[in-house]
Structures are given as structure tokens and as C-alpha cells.
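Before anything else, here's the structure in question.
Chain naming follows the written order as A, B, C and D, and within any one chain the residues start at number 1.
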């Protein structure tokens, strides 16, 4: 169980990215995190991997306050809570295969289990034939899919997906959503930030909407707000 | 006038990103470039800024073969043909303001014209209040908007937008589209690659669709194909 | 473990490139050249200092017994190493050969004007003046000569050379440590991002650190081996040509001490590499 | 232009950091120390070499006229610098003082056994043996003495020192150029991306290059100034304590040559900085 209790995050330069956020996400849930650009979605997710710590308030995982973890416990947190990064964060001097395998290596997975797992993950995102390419030889969407493969390969108990379909066409996006939903079915909690209204509306899952660092909506079976409205009022 | 004549691009690792592409885009046109991830969209755009040169065939701008430009002519090409990069390519040690001003500085714009132009561009993308932040202090969508501001600030004659709304919510995306359309109205040719079906369908402009490096569709007043179909067939 | 070695080696090959390797090699080479110069300098000044001796002229009145007593007294002075008796006849022979061209002068002498003497060697050349003055106070001693003036100059000079060489050694070693450390670290800066990603993906600090340590070790070993070996071979090749030209200068020609120096350099290189790599990751891990 | 300066300075402050500056300073410092040692060594060996002279003993049969003719003949030999007449009486006086303790020997002589002589100074000490043998072939010359053996040793030694110092200088300069160049370049590697972006945004090559050149110049100037100034001040401070201790060694104590050396170092530093910056961008610009 994930709990945010009065969480406020103010960055060193004075920007308030989250302001007194309270919420609870149960194990096994599938949650969409929506909101306009700069609303605080990435900040929300980063708090869960302890990439940042809250300025005030507590982020609880189970009963542990994540900010209070000892430094040497952090790597183990990050093996349970995997993130699909908005900016991919691939290692430029490793091939696609090794970028994905790396996530298993660090968890000290038995070597003989690594190859089949990696190959399966790459197949899920449709990159079987790019295994030996380096990140800068990939298109934007392909890099994004490598980052997804790396996050799902170890069957994490919590999967954070930050805008995982931003660079993908709708068809590939649906393929990715299928993967995420399947993982969720197996019991993994999935929190996904997205701007893709088609997907949000199509899946009817829980939707948490952030605006300016505050939670302004929390719907079971929500839709992406505002789409209809904007679809009608065309510019130009 | 932009002309692709039998353009083939094979990357050093043997991947064929474009195969015998022929097309023509007139000055002042607005073109959507669509296609699945890895279809060759970014490759198509990079050929126009001479970031890469075709393996076979010719890319003509006016009557000049871009591949044949002398090295010292390339900077002047890139001042006329501005690109919004899919991966933003911001200078990490410059503030937002200076990242945008930089595009004017290199064109030897009169110093007193720089500040108002930069401020106007930042206002257009809604980042007036982030002028003094550094790129790593911005959210994904904000970085994308800086990259857009930098591309439009010099009123280029050709604007290439590679997935400019990938990290933006629909509302901000429409604001950006308004800006691009306004620039297009003033005579700038705009070629925009995108996966955003809502926008493509809403604007009914020319659509070129790539698949596996080939042009498979070229519609005046096109729509984003496949949306209806996928919207219906929900996974899970 | 296999992973770490493979990783360290692989990344050493891919990233560190020739720059830190070259810097390591160049620095170690300079250090080695300096070390060789120092070794030879020490050998030369040592030779010079060991050639200093005190000539003690004995009063003619002294008989065999008196001579023996004086000898014992001199030997009992602290710092005296060995002592040789030089009879007046032998003294004249030596003087004749010392005067060289002008020895005709001696031939016209009717009688040997020289007294008997002792040649005294001291343990530490720096003590020569003190010991000489102690000896001159002994009864039966006519006069004491150790090239007063010249010997003091020689001693001061060798001392100056020694101190200067030591200061230079410290400066050079400091500079080399600084330069090599920084170069290895700079060459790793491009990989701060890699460390960041590893941390985000859940790698433990040790897991991240090992490849860097191994990489530092490899760079240190390879860089210093290159210069150690070329120094060893180059020095011995050179010296075998130089030594015959200046046979009177006691240059070091045996391979053993040179080999020891070069081995020391390689060890130093490896230590520097590992340290630089270790310090770098530690900093970026913010442990 | 204002842009370039501001940019070069700004990025020098932000990026290059203390590492290349420190490396530059350390390297230049080592180079400077070596330069000072070389200067003093040259001064000392020069002093030693200039103290070599040829003593020409003249046959007793030679009269005033014959002496004059011989003097002219010697002076006309190539390489002879100056020539002083030493009468037999003066010669005896000098010998007396040379013999020091043993001068009692001279007192018992009834007659001065020494011949008249010339002291000949040569222009280049290396030519001493040749000139001496030319002189000894002249009629009226009894014998020639220049400390045969010892002088050859001295000459060989100073030559060895000179050659060694030169080789070391070349090695050291090479190493410093290599190290400084690479460090400055390494510190710029993180900015290869920046150059890439500048190119994509339409900056001309010159526009990209200038800030790097200025930055290289600033780093070079600051790094070498730091060590140049500290070297100058440090040397003069030290030498004023050392010089009185060894008055017989001709150490360089005047500020002028030291200042020249340090200025040279600063110029070298600036050149290296600019070059390293220039080479780096050129490479990444792929002009």
C-alpha cells in the first residue's frame, strides 16, 4: 500500500511542485496520473523511488517512510519499484540487450535466467530485432520501448510509468498498454502518468488528476477531462 | 520548394530508414508526417537540415541539392530551416532564456532585438515565468516547449517539428498548434511529425504517412488512420 | 566477480581511451627518468664523499710504540672508519706522481722532507672537519690535512644537491599524483550519468564501484607498464654506450636497481589508478 | 566580440573548473623548476669549464724576443682567447700557495727550478686538448700542462650533464604538452554535446570556436601565472638563504634571468591552452 500524507515538494529553486498531497493507492491497482505540463506528475513518481525526498509530509510504502530509508536500503527499494523514465535514461555505451539485462544483473539474478527474460521483454515491446543496437541508433519511440522493457523485465511489485507512450503511435501505444495491463493483472501495482486521452478514456481505470501540485480529481473509472471540449474548439 | 527524389537512407549499421522516397512540398504548406515508431519520420526531417545526407537520391531545397552544400553553407541552411528536436537538445548549462536567445545570437541578430523576440517566443509557449530556470529544473513538457520556442524565435522560412507535442497535455498541445498554424499563416512552411490523432484529425491538413521507410499515403486534408479501429478494439 | 572483471576491462577499453593511459604513461615516465637521475646522482656524490680522507702527519720524534698508541687513539675516535699508515717514503712517491709534470722538482731534493703519516677514512663525510680537529689535538700529531676548504666545498655542494633533489622529488611526485588523479577522474566525468542511471536502476554502491576500481587498476597498470618497460630497456641501452665514455663517473650500469625502480613505478601507477577511480565513484555515489 | 569574451570567460569559470587549471599550473611548475635547475647547472658547468687553462712552460734558452714571437704564435692559434705571462718567480709563489701545508718543501730549495710560462685561456673548453697539443708542437715550448686527465674528465662530465639535461628537457616538455593538451581537451569532452547543438542551431564554425580559444587562453594564462609567480617568488626567497652557504658555487641570484624564465612559462601556458582548445573544437567540428 502506497500512502501520501500531506506531501509537499519544493525544489531548491523555490518551485512548489506538489502542495499538501494526500492519497492512497492499494496494491494491485492501476492508476492514471493526468494533469497539464508541469502539474507535478513526474515529481509524484520520483518520490516513490526516492530520487527526491519530500520537503514536508510522508510517503509511505507499506509502513515504511521512504524518506527515512538508510542509503544502503535504497537500491533494494528501486528493485521493487521500477520506473519508466520520461527521458528514458538509457546507458549510451550499452546495447539495447545490455541496457535491459542490466536491470536483472543488478538484482543478482541467476545468469542463465537473464537471457530468456530479456528476450521476452524485448519481444513484448516489439524490439526483438534491435537487441544489438546502441541507443543513439534508435528512433525516439524505440528508445522509449527499451526503457519500458527495462522496467518490466524483473517483474517489479510496483511499476511507475512516466508518460510511456509519449513518443509512440497509437497502435504501438495500445500494444504497450496491453503489456502494462497484463503485468497489472499478475498483481503489480501500476501508476502511469499520461497525456493520452484516447487511452485514458478507453480503459476506464482510476484517474488521479494533478493541477499545479494539487490533486483536483480522483475518479474510479475516470476519463481524460477536457478532450471533448478541445476537440470542438479548433484553433486557426 | 522541397523535393525528395528517390531518397534512400541506409544507416551505417545497415538499417534502411527511408527507401526510394519521392515527394514534393511547396513553400507555405502545412504537412503532417505520420507513421508508426521507427517508420522513418525523424530521418525524413534530419535530411532537410543536413544532419544526415541521403545514401542515394537527392533532397532539393529550391534548386540546391542539400547534400552538395559546402560545409560553410550549412550553418546558413540551418538558420532558414529550424528543427524542433524530438529529444529537445537543450544546452544544459544555459538558462531557458539563453537557450532561446542562442538561436538568435548565432544568426548575428542585433542585440537589442534579441530580448523582445525571446520574451515573445517564451510567452507563446507559456514559459514566461521559467526564463531563468536551467533545463534540468524543468518538467518534460516544459523542456519540449523551450525547444519549440527556440525553433520559432527567428521566424524561419521552414519549420520542422519532430513530435512537438509528445510530452504535452492536450490543452497545451492545442496552444502549440495554434502557434504553429499562426507561423504557417505568415508564410513559413511547417512539416510536423506526430502520433497525436486528435490533432491530425482536428486540423485536416495534408498528411504524409510513412511505413517502413516508404510513403504509403499522401492526402490533402487527411486524418490519422486507424484511430477509430483501435478505439473500438480495447485490450485487456 | 566475472561480471566485474569483464565490465572493468570492457569499459577500460571503450571509455578511458588513450588519454588517461597516455597521461599515466607520460607522468610515470617523467617520474622514472627523474628517479634514474637521482639514483646516479646519489651514486656520484656518494663516490665523491667516500673519496674524502684525512692525512695525519706524525711528529718525527715518535717511535714505533708511539705510532701504535696514536693509531689506537685515532681509531677510538667516534666516526673513524679505517686508518692506513703511509711511511715518509711512500708519501714522497705519492707526491711525485701528484705533481705530475712538475715532478722534476722532487728529483733535485737531497733528503725526503716528508714526515710519516696516517690516512684516515671516516664513516660519514660530513663529520670530516670535526674528526680532523679532534685528531689534531692528539699528542704526537704534527699536522692534519684533509684538503681544508675544498672538502668543505664538496660537502656543502653534495648536501645542496641532495636537498634540491629531494625537494624536486616531492614536487614532482605531488604534481604527478595531482595530474594523473585528475585525468583519470576527468575521463570518468562523462560517466557520471552512467553512475546516476545505475543508481536509479537499483545497483548497490559496491556493484557500481567495482568496475571503476578495476578500470583504474587496468589503466594504471597498462600506463605504468608501458613507461616502466621502455624506461628499463631505454636506460640500459643508453647507459651501455655512455658508461665507457666516462669511466671515472660511477654511473649505475647493473640492471637490478633499475628493475627495482621500474617495478616501483608500476606499483605506483596501479595505486594511483585505483585511487583515482575509487575517489571518483565515491564522490558521485555520495555515500 | 563582447559575446565571445563574455562567453569564453563565463564558460571558463563554469566548466573548466579547477582541474585543467590545476594541471596546467602543476605542469608549468614542474617545467619551471626544471628550467631553474638547468639554468644553475649551466652556470656551474660554465664556471667549471671557464676555469680550465693551459700552462705553457717555456725553454730557459728563450730570450725576450723569442718569448714575444712565441706569444704571437700562440695567439694566432684558432680558439685561443687570452694569454698571460707567468714569470718563473711568480710561478714559484703560486706553487707555494698551491702546496699549502706542504709548502715547507719549497723553502728548502736553493734555486727556483721552475721555467717561465704562459697561462692560456681558450674560447671553448672542449678545444683545450687540441690547442694544447698544437702549442706543444711550437718551437721553444718545454712542456704543456692543463691538468691532463682531470680536464678530460671534467669536459666529459660537463658534456654528459649537458646532454642528459637536454634529453630530460625534451622529454619533460613533450610530457607536459601531452598532459596539458589532453587535460584541457578532456575537460571539454562534456561539451562536445554543446558543440553539436550549436552546429544544429546554425552557428558558424568560427562562432563556435572563439569561446573555446578564449577559454583555453584564460586557463593557460591563469594556470601558468600562478606557477610562474610562485616560482619566481619562491626561488628568490630560497636562493637568498642558500647562496651564502655555498658562496663558491655560482648559483643564479639575480632576478632578471628568473623573471625571463617565468615570463616564458606564462607564454608557453597561454599557447598550450589556446592550442588545446583549438584542436579540440576543430576535431569536434570536423571541419
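Quick note on the criterion: a contact is a pair of C-beta atoms (placed from the backbone, for glycine too) under 8 Å apart; a residue touches a chain by one contact, two chains touch by 3 or more.
Source: prediction; values computed, not measured.
Among the remaining chains, the Cα-based centre furthest from that of chain C is the centre of B.
Spacing of chain C relative to chain D, judged by their CA centroids, is 23 angstrom.
Annotation: 64 Å between the Cα-based centres of chain A and chain C.
As a whole-number value, the distance joining the C-alpha centres of chain B and chain C reads 68 Å.
If you average the CA atoms of chain A and of chain B, the two centres end up 27 Å from each other.
Taken as a graph of touching chains, this assembly forms a single closed ring in which every chain touches exactly two others. Pairs of chains meeting the touch criterion: A-B, A-C, B-D, C-D. Contact residues on chain A toward chain C in their complex (touch as defined above): 49, 51, 71-72, 74-79, 83, 85, 89-91, 93, 102-103, 105-107, 150.
Residues of chain D touching chain C in their complex: 19-20, 22-23, 26-27, 29-30, 33, 37, 57, 95, 100-102, 104-105, 108-109, 113-114, 143, 145, 148, 153, 156-157, 160, 164, 168, 171-172, 174-175, 178-179, 182-183, 185-187, 189-190, 242, 245-246, 248-249.
Of all residues in chain C, only 3, 11, 14-15, 194, 196-205, 207, 287 touch chain A in the complex they form. Those residues of chain B that touch chain A in the shared complex are 11, 13, 15, 34-38, 41-42, 86-87, 133, 137-142, 144-145, 162-163, 166-174, 177-178, 181-182, 185, 195, 197-198, 202-203, 224, 226-227, 230-231, 234-236.
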